[in-house]
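Next, two complexes with subunit A in common: one pairs it with subunit B, the other with subunit C.
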Partner chain A sequence: MSAMNRRDFLRRTGGLIAGSALPLSLIELAFADEQQNFTFAYISDSHIQHIKGKDFVRNWDRGLIRTVGEANLMDPRPDFVMYGGDLAQLGTKAELDHGLELMSALRHDKVHYVMGEHDYYLDLGEYWERQLGPQWYSFDHKGVHFVVLNSVLTYDEWTHNRWSSGEERMAVMAGLDNPSGSPFMVGEKQRDWLRDDLSMIAKTTPVVVFSHSPLQKIFKNWNFWTEDAEQVQVLLKPFDKVTVFYGHVHQIQYNQIGNISFHSAMATAWAWPYPETYAQVDSLLPKLTVEMNRADPFFERDATGWQFVDVWSGNATLHYSLTENQPRTVAFNPKTGRPEDTVYQNDRIPPQQHF
Partner chain B sequence: MSRLSRVRQAAWLILAIVPVVGAADPFTKQDLSDWQSAYDQVVTAGRDAFTDPKLGNNGVVCAQCHPNAANTHPETYPKFQKQLGRVAVMWEMINWCIRNPLEGKDLQPDDPRMIALQAYITQERRGVALAPGKH
Partner chain C sequence: MVRDDPDYQPRFKEVFGVSGDAITIEHVKQAIAAFERTLISGDSPFDRWYFGRDRKAMSEAAIRGFKVYMEQGRCVSCHTIAEDHALFTDNRFNNLNVGFERIAGRLPKLTAAFEKSKRAGGNVDVAVLSNANLSELGRYAVNDQWRSMGAFKTPTLRNVARTAPYMHDGSLKTLKDVVSFYSKGGRVKDKDPINAYQSSGIRPLGLSDKQQADLVAFLEALTSPAYAKSK
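Take a look at the complex of A and B:
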């Protein structure tokens, strides 16, 4: 295997499961200390949806099954797998169990999970926590400090006083455009925890943060938004290199705010429109972002996918593996000090124009 | 037959034969308000259908992929759909979505839910210039 690079391996083995070459590529990066470079796989937003009995929505199941199959073919294996949240659609035990069963086909030893609102608002994360552990935590890997936050909390009054049942609360929060929803936030308690957690870390240590919602404000109506994003950014500001990864938006987004690079994950389930396509309200999509191609509804996996991330010198290169599309790569450019698409940054193609 | 009935009958006969100048033109503020309200009710019914897990057969709703009906582009229809190999109108694409992601059965083009869905989708896109055929 050593003489074959990852692309060749995937090309050869991919044909066995997908009937064609897998849409993966890898830019090889060479650094003085290769021991410090590593890759992790990043899967998000599968929205496993229970119909009844043993029936689940086939389309969303297939997205996750395909992703797990592709991630299993990566060689060398990524060091670990991150799951970005919204494993379930309505947070039920049946959905979480089925989603975790599909995820259990991963060959990787370690999977870290992030809480999504679709996992949370039925029972406020109780079953999720029993299966997967704490809702926020940190860990270290090869000199990088990783932090996982639950960014989908909201005002206590909304969570506790408005609904006759967890099902009703979950149904409202599950509607992205439901005007009765409520803005996401990390909250004071977790920000205090984060301040403490980071106080033990040297400012030169690269920090990588995972949240479900963007820790930046893009579009409040659809919760492409975290209400206390600026207060979290302040805690991250003293560090030389910070990267924030988030799910929730089901589309390619990236940005640079000060020292913080932001990257979003594709969903394995379905694509979402860019907020600027809703003509009635203004939104703040980062100018830096070159949008993903518009989804072709006739290909049910189009505009879905997953990603793997190379961490090098404390910066990140995000490889989008898009099931019905050319792969995209968004890499930190040390010259400009921001993430940039390696092909399309200054040369968009017609499908990347959204309206 | 009473005298009043005879007069009514005669009036209908005249209406049927002679075009009555002026009867169709005037409408009042009340009319406008009534018509707007009739439209608004259909838009509301459209939003209900757009978020109804029973529209299809698997519990998936239109709004799951199309928040605020975004990415439906009602202003671009009719347009050529390469996957169909011909020009299609919007209700055909709505039925495509009902059959595929929603795993349901086609609605008739004049089904009140189909009309309501189009009213809601177009309402969310109000103010955008017509661009038939655009991709």
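Take a look at the complex of A and C:
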């Protein structure tokens, strides 16, 4: 068709889609009757890595840039953004600053941050805290109580007495399968704070908890693990509806333990294999989880992504936006009382088992 | 669309003797099949060299270019070559950072307006064919998935030396330009911006001038004699 023909055609059919954009306020009005509903974007594990000078690892930069670009297209816009931890790779000022600069391209004003071990173990969260505030805190939004924990603490002896420098400590904690590492934990001080915080909340209030490591035990060698997970779960047990979100694992996982639904966030940086397909010792990968395939290394973003979440009903629906894969949705199924993949749960396609 | 198009109407009348509602999908299928018969390609220097094992069928430069194609150039990952045939496409969709800059700055408004119109029953085919900005949305306009933002289908490379200009918008004039564009990770100039939605298979390749020239020689070896003669 020539350009002239296309224009003629347009006039005749009247099937015009406006090329010049409508004012955004008009679009938002279309959702005015759903004000009780709300969505938040959930971004995690970007691992921004400094090389030297102004050079950062391109691959990890691109992951976060892509995610911010996608989150900026959400319509209606999310009420806020959660960042699930590991913004930096080795916790340096340069990495945190650069990561926050990339995050500043978000069109959304309010971002809540969770501490990851890669943010923490260089200076025990000092610079992070100066930029972003307390390492654990809570807030309320449209009838839901949100709690953010620092779950990547460990034994004081390990943290303070073993290392000649913060760099050395950080390097050990940054590796998987490092026998010199140490299991993550929330710790007694923070559990006391959580008990106090929750004592002010009605048991019918939906509670949503964010931690970096899973508040359930999956695979210890990779710290897909929180040592005092059960003690935290006990504090959450009295509430009708509880959802725990965590990063760290760089893969889709979900589980139900009693009243608590668990969901993991995808990483923007890279994909980990599922421990079940890799482990030489026991892995407690939740049985509910429908696993993704191993990533195709040609596409650097394969098996990475981010998610946005509806949690207004008290139960979570996670919409995974996967850069090089079909989007997936994991939602609470009221009939079975657990989170399920809305498409693949019952017709599972076996994941790849070869490497 | 075909039934109403002023350009297609007389052509369908001439070939099939039908017009208006009498035009059916069968007529369209036959027309496309007739077109596809003109595209059948083979027996190129590459085919004779690779599948026919004729070591003299391709120049030395083209043979060196094949190595770049398979390795450092990463070409083969999308423009595929199989054991017993070569389509030179994986039929996937990728945002290469071509032409996207014109809409990158106002994308949130553009997609919001587009989605609103789509929900209201607007015709996507018409929109993307008639509006240059919306056409840059690429595959996203069809599937509404962010992963497909600005993504266009991998084309075959058969006869590619005869099909200039290149890329979905015809913005690159020569194969040399195209190879340089890929080597710079999806840039015409070194400092051009990369849009947020660029495919993660695209990255700077750092090909030398010689490697780039060899790669062009290889691409020129994909022309079928029958196709060249028919043009």
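Note that the second predicted complex is superposed on the first by the 312 of 355 C-alpha atoms of A that agree within 3 Å, B and C clash if a C-alpha of one lies under 4 Å from a C-alpha of the other, contacts with A are read in each partner's own complex, and residues count from 1 in each chain.
FYI, a contact is a pair of C-beta atoms (placed from the backbone, for glycine too) under 8 Å apart; a residue touches a chain by one contact, two chains touch by 3 or more.
Bear in mind the structure is a predicted one, so any value in this text is a computation, not a measurement.
J.: In the superposed arrangement, which partner chain does A:Arg162 touch: subunit B (first), subunit C (second), both, or neither?
T.: Neither subunit B nor subunit C is touched by A:Arg162.
J.: Looking at A:Gly175 after the superposition, I want to know if it touches subunit B, subunit C, both of them or none. Which is it: first, second, both, neither?
T.: first
J.: A:Trp272 contacts which: subunit B (first), subunit C (second), both, neither?
T.: In the superposition, A:Trp272 contacts subunit B only.
J.: After superposing on the shared chain, does subunit C or subunit B touch more subunit A residues?
T.: If we count touched residues of subunit A for both partners, the winner is C.
J.: In the superposed arrangement, does A:Val57 touch subunit B (first), subunit C (second), both or neither?
T.: first
J.: Looking at A:Ala295, would you say it contacts subunit B, subunit C, both, or neither? Reply first, second, both or neither.
T.: first
J.: Can A:Lys189 be said to touch subunit B (first), subunit C (second), both, or neither?
T.: A:Lys189 sits against neither subunit B nor subunit C.
J.: Once the shared chain is lined up, is A:Gly69 touching subunit B (first), subunit C (second), both, or neither of them?
T.: Touch partner of A:Gly69: subunit C, not subunit B.
J.: Output check: A:Lys110 vs subunit B and subunit C. Expected answer is one of first, second, both, neither. What do you get?
T.: It touches nothing on subunit B or subunit C.
J.: For subunit A, which residues belong to both interfaces, subunit B and subunit C?
T.: Shared contact residues on subunit A: 58-59, 298, 300.
J.: Give the list of subunit C residues in touch with subunit A in this complex.
T.: 1, 4-7, 74, 77, 106-118, 122-124, 126-127, 129-134, 145-147, 149, 194-201, 203
J.: Per the contact definition, I'd like the list of subunit B residues that touch subunit A in the complex.
T.: Per the stated touch rule, the residues are 51, 58-60, 63-68, 70-71, 73, 83, 93, 96-97, 100-101, 103, 124-128.
J.: Enumerate the contact residues on subunit A facing subunit C in the complex.
T.: Touch list, subunit A to subunit C: 1-2, 5-10, 12-13, 15-22, 24, 27, 30, 58-59, 62, 65-66, 68-70, 72-73, 75, 107, 298-302, 321-327.
J.: Note which residues of subunit A are touching subunit B in the complex, please.
T.: Touch residues, subunit A against subunit B: 49-51, 55, 57-59, 175-177, 221-222, 270-273, 275, 277-280, 294-298, 300, 355.
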